[in-house]
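Take a look at these structures.
You will see subunit A twice below: alongside subunit B first, and alongside subunit C after that.
Now for the complex of A and B:
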């Protein structure tokens, strides 16, 4: 009973938050339009957090996702400005994300540097590269093709006035791909095995190094995708614009981990974490709550959820 | 009697709630910057007088979050939105507000068709004032060195005005029009460029003035003049923006004599005024509303 309560505490918290806002904002909160807005607002964080879950399954994590996102946006924008077509700029930016992820993976898996230090280093490298490539400037206006900026404003219209944003659809697709990869493939089982006990995984004959390398590459690819979505939404690219994604993504995964049987991350649980963060932002803004109070609240909720979960686990 | 008092109290309470019905969201990624804080201060003072509910939202540097918060404010059906961010980057949010019929006012944001108006300082006027100050101080004659930056539109318009003013004095000769490298903040490279010009013009009096489109090159030029030991020649240096370092140099009474200060608090107040007009349903014809700036000299440089 206690165990179930601990595992589902975060989910109950999300439902509580939704109920609270539904009562406080009866006219506006639970409307299709607002919920679709929320889904679009969280889409960039969602993609970052979903793919962050892949490395966190192994007990690693990636601090460089924010600067990878910034760099991807900058690379695409610079190439657009140089006359590249949209698909080519996007492909190059995604490739940069994979290369960055491979660098992280190589440092962690083959050189043997702790993920915290390795990705702290690459965070600075990617951020510096973004500044260097862009001359520190924001790239906007005519340099950003309408076809690229239009993506964030497009969507699938279901009925009159109800349009599912393309960004939300992209996030759901990433969710499904990560879900199937982690939960329903041998590859995913192996990543969980590494997270459970890396030595046992090695003894069982898994190629731990290659698995970690590939997992970091996937996280880098996701970060680059989130960076492109961000650049499309603001129709511009700035060398620091992805910076806020990293801490929120890690917070979302941690929130989700409180729902794991052994405290391990699952991507559907990460979704709950992302929803908590996004809905708090949306609802508290509508309730005129000070933005700094909002930050304190969000931090408090993350700490409280994780504390409750580890307290519950300690008592069995 | 008792009933009347009760009725009056109820009426007051009722009117109180209806009068404070207007809700305004002020959204910016830059609240941590001193200038932005001053705008918000000026805005809130006016809003408090009018009895508005103001929700100041700081997205801590996150521009996409500004779009999200604009969407939330539209969902919340606020009466007006004020932004302090490049409108081109948040066009998606501005379109949502426009579709909902909610006016958005720019507070030093930039001009955009989706904004009702933008409140800012007049860069043309600021440059005119410092260049005329310089021309008058050197008696309308002599060599002038210009520091410009045409790649950045808000600074480019300053250079245009100074060009026109100096060209209008037949005895003023522009010795050089320099674009400093701004990677290091603009002071060091401006100093190096100015040292080269001082070396190329060794006769005392050959350089009458230095006009800089912003403060950093003026500070660099001042350092070069002092390092070359030529501060006694009466070279007049002017900047724009009146940052703290520039104010200090101007107050010291050396060659750096003048700069222009923007009145951020007044900009906030003017944005509140434009918000009031927009909420009253008035069509604001001015796409840009300029707030007066102040010439800073040794007489008023103390911050």
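Now for the complex of A and C:
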């Protein structure tokens, strides 16, 4: 009973938050327009957090996703400015994400550096590279082709005035791909086995190194996607714009982990974490709560949720 | 000093008795050896008197006074000191800090560490041991193994004001990591300690050592008291016989070895600490690995699992060169049951299905298919006679014996041709143990070659066709099981090459 309460506590928290804002903001919060807006606002965080879940399933994590996102945006923008077509710039930026992820994976799995330290190092490297490539400037205006910026403004219109943003659809697609990969493929099961006991997984003949390498590559790819979405949304790229993604993505996965049977991450639970963070941000903004106060509140909620969960687990 | 009596020590873990009504008298100034096979109850006895594990029954008397031992602090206050085989040190701290670890450090003005006094106290403790050559300001991690042992003993010598002087030192396999010279130094220290009137309880597997340095001996067997005598009135042979007991000579393995295919062929293999490893293992044959703890049995198994590199000599496994990774080994038909079930074997938080099929998931294609996997898991669970609720039950909820069966189910799932077993029945109840033995016999009869490392002699004798004895990583003997008794095997483990 207690266990179920602990597992569903985070979900109940999400419903509570929705209810709270629905009562406080009766005219604006629970409207299709606002909810679709929220879905777009959180789409970049969602993509980062979903793919972050892949490494966290193994008990690793990746601090470099924010600067990978920034770098991907910058690389795409620089290539656009150099006259590359949209598809080529996007492909190159995604490739940068994969390469960055492979570098993280190689450092962690083959060199044997702790993920915290390895990705802290690459965070700085990617961030410095983004500044170097962009000359420290924001790239915007004519350099960003309309075809690229238009993506974030496009969507699928359901009825008059109700348009599902393309970014939200992209996030849902990533969610589905990560869900199937983690929960319904042999690959995903192996990642969970590594998270369950890396030593036993190795002795039982899993190719732990290659699995870790590939998982980091996927996380890097997701971070690059999020960076491109961000650049498309603001129709510009600057070397720090992804910086906020990393902490929120890790926080979202941690929130989701409170719902795992053994405290393990699942991407659908990560979605709940993303929704909590996104809806709090949206609702508090609408209530004109000061942004600094907002940060304090969100940080407090993450700590409280994780604390309650580990307290509950310690007591069985 | 008064003599110390440990009376009626009993302890059961989860209904399985580990120690049954054992009584020990420790006279001041004498070294008392505590002997017994692995699992005989030696470490349980030590844990009880250290106050680390609560006893089911125990009376401790010093002279006529009763001593209460409810926790580690009680044991320290009573003057009991423990030196374990694992040298727990903090390598980053100085020798002096390590020696005074767990004691309040001398202070200046109540807050600052009084380094001068700290160093003085550490030096005094080392000087008493005749180890004044150790610089107390060095980092402990820089010391050699012998000096580390001396440092640990020095730490046990430190007495707080108001605390009783140490009256009992418990040395648990102290020479396991020492060279002969270092051991000699340790024995000199021991005689200083006994000269001061302290008693020493000495646990060791090294027979010659025990005969040389101890005054009395108590032998435990299956958790019960089996013998107590002054060393002068007994013999090495008598002690060994008492340790093994009148073990019904386990029935020798039945069924013929499927001759023909060679599963494993080693010629003069050197790898890590392994030396002179030479044997040929045929399909269906069970090769037992015997030796003292950490004599290289695990290293040999892990080498065959692809976790070591052959430095010289030749090693062929299942018709090919030695595997270079566990991935390759499993793919070639090697299966492994690790020694530490919880830390090396299982994903405790995951279900039976995933734990069982882990190395074989690839055979189900790319997508996880719950249906066929569940059928396969049920089938394997029946084969190992697993008692469980459902394939999606978490492994953590199973008993130790059933957890071990999950690892066996995993090992046999791929129809292995070479099965590597390390202490396959450790901590497993009698029923599960018999079932696991039957399983191993069955696999052998079907032509699977088995290498079995076990410190459980009846198990080795009951399952092996031949026994390979290792000593410090070296292959010391390779003997035929036929006609071998437990006593003879144990004697060979202690001194592999009798004159």
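We adopt the following convention: the second predicted complex is superposed on the first by the 316 of 316 C-alpha atoms of A that agree within 3 Å, B and C clash if a C-alpha of one lies under 4 Å from a C-alpha of the other, contacts with A are read in each partner's own complex, and residues count from 1 in each chain.
The rule we apply is simple: a residue touches a chain if its C-beta (ideal position, glycine included) is under 8 Å from a C-beta of that chain, and two chains touch if they have at least 3 such contacts.
Values in this document were obtained by computation on a predicted structure and should not be read as measured data.
Superposition model on subunit A: subunit B and subunit C are shown accommodated side by side without a clash. Comparing subunit C and subunit B on the residues of subunit A they touch gives the larger count to B.
Of the two partner chains placed around the shared chain by superposition, neither subunit B nor subunit C is touched by A:48.
When the two complexes are overlaid on their common chain A, residue A:264 makes contact with subunit C while staying clear of subunit B.
By the document's definition of touching, of the two partners only subunit C reaches A:202; subunit B does not.
When the two complexes are overlaid on their common chain A, residue A:292 makes contact with subunit B while staying clear of subunit C.
Contacts of A:281 after superposition: subunit B is touched, whereas subunit C is not reached. In the superposition on chain A, A:186 contacts subunit C only, with no contact to subunit B. Between the Cα centres of subunit B and subunit C, as seen from that of subunit A, there is an angle of 130°, stated in steps of 10.
Look at A:70: by the touch rule set out above, it reaches neither subunit B nor subunit C. Here subunit B and subunit C sit at a least CA-CA distance of 38 Å once the structures share a frame through chain A. If you check the complex, the residues on subunit B that touch subunit A are 23, 25, 53, 55-65, 67-69, 71-73, 75-77, 86, 88-92, 95, 183. Residues 305, 325-327, 329-331, 336, 338, 343-350, 354, 358-359, 361-362, 364-368, 394, 410 of subunit C are the ones touching subunit A in the complex.
Partner subunit B is touched in their complex by these residues of subunit A: 25, 28, 31, 33-34, 37, 40-41, 44, 136, 138, 140-141, 152-153, 230, 233-236, 238, 240-241, 243-244, 281-282, 285-286, 288, 290-292, 295. Residues 183-190, 192-193, 196-197, 199-207, 261-262, 264 of subunit A are the ones that touch subunit C when the two sit in their complex.
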